[in-house]
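One structure coming up, written as C-alpha cells, with questions to follow.
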Amino acid sequence: MLGHHNYGEAEVRLLRVTRGPDRHDIVDLTVSVMLAGAFDVSYLTGDNTNILPADTQKNTVYAFARDGIGSPETFGLRLAQHFVDSQPSIYRARVSLVEYPWTRVGGHTFVRAGGGHRTAAVTYDGSHAWVVAGIVDLALLNSTHAEYTGFIVDRYTTLAPTSDRILAVTVNAQWRYSITTAEPARWHRMHDQARRALTDAFAGTYSRSPQQTLHTLGQALLDAVPEAAEVRLSLSSRHPAVVDLAPFGRDNPGEVYDPTDRPYELVEGAVLREGAPPAGLAWSLLSGV
Amino acid sequence: MLGHHNYGEAEVRLLRVTRGPDRHDIVDLTVSVMLAGAFDVSYLTGDNTNILPADTQKNTVYAFARDGIGSPETFGLRLAQHFVDSQPSIYRARVSLVEYPWTRVGGHTFVRAGGGHRTAAVTYDGSHAWVVAGIVDLALLNSTHAEYTGFIVDRYTTLAPTSDRILAVTVNAQWRYSITTAEPARWHRMHDQARRALTDAFAGTYSRSPQQTLHTLGQALLDAVPEAAEVRLSLSSRHPAVVDLAPFGRDNPGEVYDPTDRPYELVEGAVLREGAPPAGLAWSLLSGV
Amino acid sequence: MLGHHNYGEAEVRLLRVTRGPDRHDIVDLTVSVMLAGAFDVSYLTGDNTNILPADTQKNTVYAFARDGIGSPETFGLRLAQHFVDSQPSIYRARVSLVEYPWTRVGGHTFVRAGGGHRTAAVTYDGSHAWVVAGIVDLALLNSTHAEYTGFIVDRYTTLAPTSDRILAVTVNAQWRYSITTAEPARWHRMHDQARRALTDAFAGTYSRSPQQTLHTLGQALLDAVPEAAEVRLSLSSRHPAVVDLAPFGRDNPGEVYDPTDRPYELVEGAVLREGAPPAGLAWSLLSGV
Amino acid sequence: MLGHHNYGEAEVRLLRVTRGPDRHDIVDLTVSVMLAGAFDVSYLTGDNTNILPADTQKNTVYAFARDGIGSPETFGLRLAQHFVDSQPSIYRARVSLVEYPWTRVGGHTFVRAGGGHRTAAVTYDGSHAWVVAGIVDLALLNSTHAEYTGFIVDRYTTLAPTSDRILAVTVNAQWRYSITTAEPARWHRMHDQARRALTDAFAGTYSRSPQQTLHTLGQALLDAVPEAAEVRLSLSSRHPAVVDLAPFGRDNPGEVYDPTDRPYELVEGAVLREGAPPAGLAWSLLSGV
C-alpha cells in the first residue's frame, strides 16, 4: 500500500550576476524542488505520464533565473506557482533555497563571508502559499553571562553546577511569515531585522539554560519582525570544557578551554505569536495530509 | 507563546568491546537522546528544576553500555524507558542510534566496512514504545536495466527519453516494526532480512523510474520482514551522464560516464502493510501533539 | 621572481562500464592531472601560448577512457605519457587516481564498499616513469594486543602507562614500485598482496607503539610485494578512552570506550628495501628541482 | 630499512579567553605538533624511551596557553622551542596552527566569521627557527575582467576562447618570513597587510589566466609585506558555466551560471623576493634531510 510520496530535483546550484553600468551584483543559491501530486502510478507501475522530470525542474530554475532572482522568497514563489499552475498532476510544490553570503570588495569583486546562510522555503498548493525564511549555521559565542544550576541530580549526574560558563551555540532559525507577497526589498529588510534580533538578543541575554536562550531569541525575533508568526529554533550547544591545569601547577580561572566536537546538546523549540494563523503547509509538504 | 519543544544529548560516541576467551566482539555506535516533557519553565525563565542535563544523559548511555548493547533496538529501548520512567518531568524519550559496520579479520581485529550504516530509533511515552530500524547511505548501482520514457514534456524539457541508463542511488530506508520486544538476535535477523531484501530487489528490478524502484524496494522489504508495518524510503538518484566523445571522433555506447555530484533527484515514499497499526510516535516525538 | 609552478585539472569524476555478454564491470575513479613545463610566461604575462587548458585535460581523460581503464596504474601511465609526449611545453606530468570500491551483487548490480580507497600516482618526465600505488582511509582496530609504556615523563605528563589498550588507526599507505610497465592484472595482484599484507600484519602484531606498528606494516608490505621499493605510511591513531564508570558504582574492565574525534596522534614513516632505486619523481613533480 | 619518520599530536582544539574589565577577547585555534628526532628504536622495536607521548604534547599546548597566545606565530615558536630544548631526543619540531575568525558583536559576544582561516607554521631545529604564515579557504570571485584566449588547441580541445568570464577561486596562500622574532602586534599587522594585498590585487587585476592572477597576488603580497621572503600560492579555480538558455527561447548575456563543484583547475606557484634567504626548514620538517 503506497503511503505519502513526493519527489523533486535537489541542490541545483545557481549563480546569478546582474551587470550594472558601474557595478555588478551576485546571488549565489542552491535551489531544491519537491513536488506532491498524482504520482501513484509512477510508483506502482513506472508509468511516467504524470511525472515532470527532475531534469526539467532544473532547467526551469535556470530559465526563471534569467528574469532575475529578486529575493529567495520571491524566486521560490515564482517557481512553486509555476510547477503547480502549469501541470495538472502537480498538487503541491515546495521550493527550498539556501543563499551563500558574499561581501563586496570592489565593483565586481566579492569575498565569501561567514555568519550563517540565509534560507527560504516556499510551499504552494494551487490556492495558497506559505513562506518560511531562515538562517542556518549561525555560530555564536558568549564568553560569560551564562550559568547552569538547579538541574535534576540523579545517580548518573557528575556535572557540577556552574555560575559562569561559556555558551557556544550554532543556531538554526526558521520563521514563517503571515504574509505571502511582498517586494524583494521588504523580504530583505525583514531578514535583516530577524538576523539582528537574534544576534542582539544573544549578546544581551544572561543565560540560565540554552532553553531559556532559545526562547529569548525567538521572542526577540517576533518582536523585531511583526510579519513573523512563528519561529522554530534549534541550538546545537557545545560546552567548551575548562581544561584542568592543576597537574601542571597552574590555575585556570576560565581562560583555557577545550572546545569539544561531540557530543553536543541539541535544544529545539517553537515560539508563536498570539493569534498566529495556522501553519498550514508552511513547514512541510506533508502537513495536513 | 512557547510551542512544541524538546532537547537532548546528541551524538554520544560509544565503542563497546566484549572480551570472550577466544575472540572479541565490538559495537561502534553514535547515540542521540531527545526528550519531551514539563520543560516549559526552563524555556520561559531558565529554571532548570525539571531538566535532566544533557551531560547526565551522556553518562547514562555509558553506564548502561556496561551491561551490554544487545542490539541497537534493545539498547535504545532500555535507555528510552529509563529516562521516562525515572523522571516525572520527562514524558517522552526518543533514542536514535547509528551503528558503523566493522568486518572481522582476526580474533580481535576489525576493518571498517562500507555498505551503509545500520540505524535504530526508539520512542517511549511511559506506556507504549515504538521501534524503527533503518539503513542509511546504502549506495547501489545498476549499470543497465533502467529506462526513462513517457514523462511530461513542457517548454523547459531538454531531456531525451532513454531506453538504457545507469541507475545510481543512495538509499535511506527506515521501517517501523509492529513489535516492540524481541531478543537481540531477532532484531539482528530482521535487519539482515531487510538489507538483503533491498539489495536483491534492486538487483532484480527492471526500473522504469526511481519512483517505481522505490516502491519495489519497499514491497520487497515488507515481504521479507513480516514484523515491518511500514517502510519509508528516500532515494537520492544521481544519473551519471554519458560523455559525448563525438568531438574526439569516438562513439560512446554507454561505456564512459561522468558521475555528477549535484544536482540529484530526491524521491521519497512510504509503503505500508495492509492493516498496519497506526504509526503513533514511531516517526517523531512530535507526532500526535 | 617566479619559483616552482605547475597546474592541472583536479578531480575529474569517471565511471567506466564494460558491458560483457553475461555481466558488466565498473570502475569508479577520480582522476587529477598536474603538469610542469614552460609555463613561466603564462604566470608572468597571461600569455597562454604554452598552456593546455584544464578543460582539455578533462576531455582527454574521458576520451582515453573509451579504450578501457585496465588498472589505475596503466591508465595513469597512458595519460601522463600523452601529455608530455604530445606537447613540447609540457616537461612533466603527474596523474593521480582514486578508485572507489564497489562489490558485485548481481550481473550488473553493485553496492559501494568500504575498506579504504585504492590510489595510484604516475609521474612521467619524457624519458622515465614512476609508479606509486596506495590505499587511503583504511580504518583498522585491534581491541587488544597493544600496550604503551616506557615513554618519556616530563612535567606535562598525565598519561599513565598501559599494558592493554585499543589501537584504532586510519592507515594511508603509498608505495613506489621499482617497475614501470606491467599488465593490468599484475598491478591488481600486487595491490591485493599489499592490502592483505597490511591487514594481516596489523592483526598479527602485538603493538608497543603506533610507530612500531607502522614499521611492521611497512616491512610486511615490502616482504609481500617484491616489486615495491619503498612504502610511506601515515597512521592517524585515535585512542578510544576507557570511560570512568566508578561514579556510577560500576567497574569498566576495558568494555566501554569513548572513541574521540580529536585530537589524534599522527605517525609517519618510510620503509625502504635495501638497494632500492632512487625515488626520482615518484613522490612529487617537484623532486629533483 | 627505516627512512624518514616523525610523529606528533594533531588537531588539538583550543579556545583561549582573555577576561578584561570591560570586555573579553577570544582566540579559537587548532594546534598540531610534529616532531623529528632519535625515534628509530621506537619504530624498530617499540622501545619508547625517546618518545614524548602525543598526549603530553596536548597537555603542553594547554599549559602554555595559560600564559596567553600572543599571536599564532609567537605561540607556535614557544611550543616548538620547548619541545626541542627540553628533550634531547627531539631534534626538530614543527607546530602548525589554524585560527578561526570570530567577529565581535558585544563585550563578550562573538559571531563566527568567514573570509578564510589564518594559519601559521613554525619549525625549530635547536638553533634556528622558520616562520610561515598563511590564509586558507579564502574564496574570491570576479564577475568580469577575466578572459581566456590563446591557449593550445589539440584534438581534445572543445573549450572556446572567451573574452569575458567569471573567475571564482579558492586561495591558499602561505608565506615565509625572513624574520623569526617579533611582538604579536607585528605578526598581526603583517598578516593584515598580506590579506589586504591579496584581496586588493584580486579586485584590481584583469586576468588573462589563473596563472597570471596567482603571480599577481604573490607579487602584491611581497610588495605589501617587506618581511615576507617567499609566498606559495594555490588557486582552486572553478569556472561557473554559462547556462544555455536557447532551448527555452532566452538569451544569456552572462547572467545565469551553474557554479560546478568538480572538476576544478588547480594552479600552484611560488613567488620569491630577489635575494630571499634560503627556505631551510620553513616548508617541511623533511627539508634538507
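Each chain carries a letter (A, B, C and D) given by its place in the written order, and its residues are counted from 1.
Assume a residue touches a chain if its C-beta (ideal position, glycine included) is under 8 Å from a C-beta of that chain, and two chains touch if they have at least 3 such contacts.
Small disclaimer: the values here were computed from a predicted structure and weren't measured.
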Farthest chain (mean CA position) relative to chain D: B
Selected interface, A-D versus A-C, where C-beta contact pairs are more numerous: A-D
Gap in Å, rounded to a whole number, between the CA centres of chain D and chain C: 23
Centroid spacing, where centroids are CA-atom means, of chain A and chain C in whole angstrom: 39
Separation of mean Cα positions, chain D and chain A [Å, integer]: 31
Chain D: positions in contact with at least two other chains: 13, 59, 63, 156, 158, 247-248, 261-262
Residues of chain D defined as touching chain B within the complex: 155-156, 158, 247-249, 261-262
Sites on chain B touched by chain A in the complex: 1-13, 32, 34, 39, 42-56, 58-60, 63, 86-87, 89, 148-152, 154, 156-159, 207-212, 214-215, 230, 232, 236-237, 262-274, 276
Residue ranges of chain C in contact with chain B within the complex: 13-19, 24, 26, 28, 59, 62-63, 65-66, 101-103, 105-106, 108-115, 138-145, 166, 199, 202-204, 240, 243, 245, 247-248, 250, 252-261
